Amino acid sequence: MPTLAWNSYGKSAVRLTRVVRTTPRHELREFAIDIALAGDFAKVYTDGDNSPCIPTDTMKNTVYALAAQHPCDSPEAFGQILAGHFIDNFAHVSGVSIKLHQTLWTRIPVEGRPHDHAFTKAAHQRTAEVRRTRDGLELTGGLAGLEVLKTSRSAFCGFLVDAYTTLKDASERIFATTIDAAWKFTPGARDYNALADTVRDILLQVFATHDSKGVQHTLYAMGEAVLAAAPHLEEITLSMPNQHRILANIALFNLPNDNEVFITTSEPYGVIQGTIRR
Amino acid sequence: MPTLAWNSYGKSAVRLTRVVRTTPRHELREFAIDIALAGDFAKVYTDGDNSPCIPTDTMKNTVYALAAQHPCDSPEAFGQILAGHFIDNFAHVSGVSIKLHQTLWTRIPVEGRPHDHAFTKAAHQRTAEVRRTRDGLELTGGLAGLEVLKTSRSAFCGFLVDAYTTLKDASERIFATTIDAAWKFTPGARDYNALADTVRDILLQVFATHDSKGVQHTLYAMGEAVLAAAPHLEEITLSMPNQHRILANIALFNLPNDNEVFITTSEPYGVIQGTIRR
Amino acid sequence: MPTLAWNSYGKSAVRLTRVVRTTPRHELREFAIDIALAGDFAKVYTDGDNSPCIPTDTMKNTVYALAAQHPCDSPEAFGQILAGHFIDNFAHVSGVSIKLHQTLWTRIPVEGRPHDHAFTKAAHQRTAEVRRTRDGLELTGGLAGLEVLKTSRSAFCGFLVDAYTTLKDASERIFATTIDAAWKFTPGARDYNALADTVRDILLQVFATHDSKGVQHTLYAMGEAVLAAAPHLEEITLSMPNQHRILANIALFNLPNDNEVFITTSEPYGVIQGTIRR
Amino acid sequence: MPTLAWNSYGKSAVRLTRVVRTTPRHELREFAIDIALAGDFAKVYTDGDNSPCIPTDTMKNTVYALAAQHPCDSPEAFGQILAGHFIDNFAHVSGVSIKLHQTLWTRIPVEGRPHDHAFTKAAHQRTAEVRRTRDGLELTGGLAGLEVLKTSRSAFCGFLVDAYTTLKDASERIFATTIDAAWKFTPGARDYNALADTVRDILLQVFATHDSKGVQHTLYAMGEAVLAAAPHLEEITLSMPNQHRILANIALFNLPNDNEVFITTSEPYGVIQGTIRR
């Protein structure tokens, strides 16, 4: 006799643009939101009895209705509002997961001053994840899609060599990656936006200035520096793919290539990840 | 003092096309493979000491070298070969994760007979995941991207109604989804390809013929039927997004719409998931 | 003094699912439609005078309204209905372009019989383009995304060699491509669906059986065969990217590679195009 | 008897990263390049005679070889080098098309100063197209993916109303678009990089400050201002999709929505295009 060992359902890609226009200087926030519920839903699956089923269409409506009653000033804050709604209003819901992906908009400079209501899209995004159960809250902040590249002070030498190794030591190579970061807060941390700015700035500084012996080495240095600069963070997980630039083999044409001409590649790519904890 | 609480690294999107041409009837297999290692790599991160670091470039080479020595006849089998290589050859590797995504190719029919060496790409894919540690093996088979739609015998009624509910009961609605499935095997299961075919066939049969009271209801029926038909499966997890077709509101133009004209939407979409276990 | 030298506007990605349920055997058609208008719209641009502007939102509504009054049985036929609407109803519209991309759905076989109302998505799509002006109609049918691969009877030898050539003659190589085709009809051609099926079948047959000396060579043979088999086609344009599989260099590991192990690549890719006309 | 009425072939997505390291302040340029040739290639198609065929693999090699001998300081300049190579070296080539898509990298600010060798990816890209024939050169510069949004001073009123119109006049609506621009130069224009910066700046200024009566209205104002500010441009073509934000209908929940809560949509989308010529 089969059993329903696990279930989860919800609505994904609920896309919200929220404008705050209480002053002539408008605030603009944009999120894509995924909502997932766990709870006492087994008979929806086993019997087609939908009586406990909160339609995913209602979840979508709830996002817009709650957004109207909240400034949505950070993904962390609005995510907690959403998670709280489902936990507080439905006794048969045991857990809520809210994932938010924030499109960041930067004010267009006009005559040397950031404009009141015109924006360009930033190259990276912010993220947050809220997990609420009857027992508590797990909150994660983050950023995604921060693409960086350095043309010097990046090496990869002294690695393990086996029968299938063809890579040579490189004392100077291009280091290109797209930084995804996710962090957990210390109790009482509240200023989510300032923290996200601090993390972004430190990640960029260390990436630029670190004397890298490998992606792992720089990843750790970046995480260490973030924790030193942001006492309200408990830990940070960094995911930094190695987006290879391969030196073009133009020696065949009697042309020198002193680290100047590279093939940009998409695949395969390295995947380097780590969590640095206080 | 910060610590490296977790780490993982590897190579993703290693893409392999493998032809078996021992007879005039060629076999064609194509995989995209992600490899990730865990183990005693901390000093690579903390000190930039790369001596234990197996370069991700070597992992890529290893895929092609082992593929030449193996028929690669299923993602489950080739994934185990790869995982075994890293566990068996490197004592400081504690865990290996291999994810495989198989592009499926179907023989082109020529004069009523499947051709020996010409193929068209199938609309869905197979997947597998192998997790090897020093303690054992966890093996998962699967399929992805199986897109289906039914125009009748699909309802959604009697759901929970709250202050934010606007959805109405629907006794006849379009049910469209992209089935992703992942299954675990009973000990001794070996015929991975036949099992994958069985699962695909049963999923399609039940999707077509079930009298659906909701996506959850059909998901469970599909999983139950798979376990009944495939004794060598221990459990199956199904992920079935609800890819909404919205009835076009043409009543405004004095036109009837008896479930004939729909808006195809991409977002937001429902996400319905469940694991059915024997 | 600047002038508006050219303008065009419209709505893209209008997505329609159309079910015909006049019998228990339902028909299912799905299109994504792009509409663009040319005409006497200059003052909309230069003065912000919107009086001649048919809102793109109205174009979207028009798709659903006309779809309710038409069986939408082919992209060519429904495209002509849409184009005619804008030309016939708005004297200031001088030209209409309608592009349609059809998702193809295949009946799921149940107990050996194609099901009445349950479908799986096909791996390729159909396309059509309708250009209507006050002077006449230009109609194009097509198919897109037909992915094929052959493991034998494909060579590339005897090409031009210059200072930057490193490629070697290959008497046996993998030939993989994604066929896009577009065709023009002879006057009076009407059976668009049967013609599309014929083209698809001939393209697959010739791809499979041709003794290929290069992508261009097979492209021409495919086009020639289509024109021979389909007297109602005036010409066919084929676009066949060369989706390279590169022989893996495992000789470094003392492993033979008799055309068995290949690296699947996405970029760069060849682009081979040609029009064959009767 | 069928004929080959048109042909074109080449290599697409040739990806180049070019570092200039003649001083400690490195320059970084990155391009994806599409090359297509026309000429006397008919027998490659009709007979499989590859003797005139310059392999697309050679085209790829040529990109890297020429990049080593050129600073690649703008897509317009490097595109001309590439086009010239094929026209000058191969008498049977009658036309060359080179399309370049430039990933833009911005120096990371460190201690208030742009870093010498560390960069972040910009949110938009530059483009160029070079068409060389035996008769001359057609050169186009451009930018792509410049995403902007304004929350005020954007209206759409007074449009044509027909039987299928449901849209209402909006005196204040969100205006969001992704600007693609392509421009032609006056004879003698050379400072491609400065021109691209000027165009980008003017487009942003006018987008921010224009009192928009519609996307078309602002598109024209933007083009007019670019031509006024950049005397070395002959014409500019702008493509500005209308990326709709739809006011969320929360009146159903007795909640006001004074242009504050919107549904972000991807499809369908408006497509507004125009060419403004001097």
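As written, the chains take the letters A, B, C and D, and residue 1 is the first residue of each chain.
The criterion applied here is as follows: a contact is a pair of C-beta atoms (placed from the backbone, for glycine too) under 8 Å apart; a residue touches a chain by one contact, two chains touch by 3 or more.
Just so you know, these numbers come straight off a predicted model, no measurement behind them.
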Candidate from A-B, A-C or B-D with the same interface as C-D, over half of contact pairs in common: A-B
Chain pair, A-C or A-D, that carries the greater number of C-beta contacts: A-D
CA centroid of chain A to CA centroid of chain C, Å: 37
Separation of mean Cα positions, chain D and chain A [Å, integer]: 28
Residues of chain C whose C-beta touches two or more other chains: 15, 61, 65, 164, 166, 252-253, 266-267
Residue ranges of chain C touching chain D (in the complex, touch as defined): 2-15, 34, 36, 41, 44-58, 60-62, 65, 89-90, 156-160, 162, 164-167, 212-217, 219-220, 223-224, 227-228, 235, 237, 241-242, 266-278
Contact footprint of chain D on chain B as seen in their complex: 163-164, 166, 252-253, 266-267
Sites on chain D touched by chain A in the complex: 15-21, 26, 28, 30, 32, 61, 64-65, 67-69, 105, 108, 110, 115-123, 146-153, 174, 204-205, 207-209, 245, 248, 250, 253, 255-266
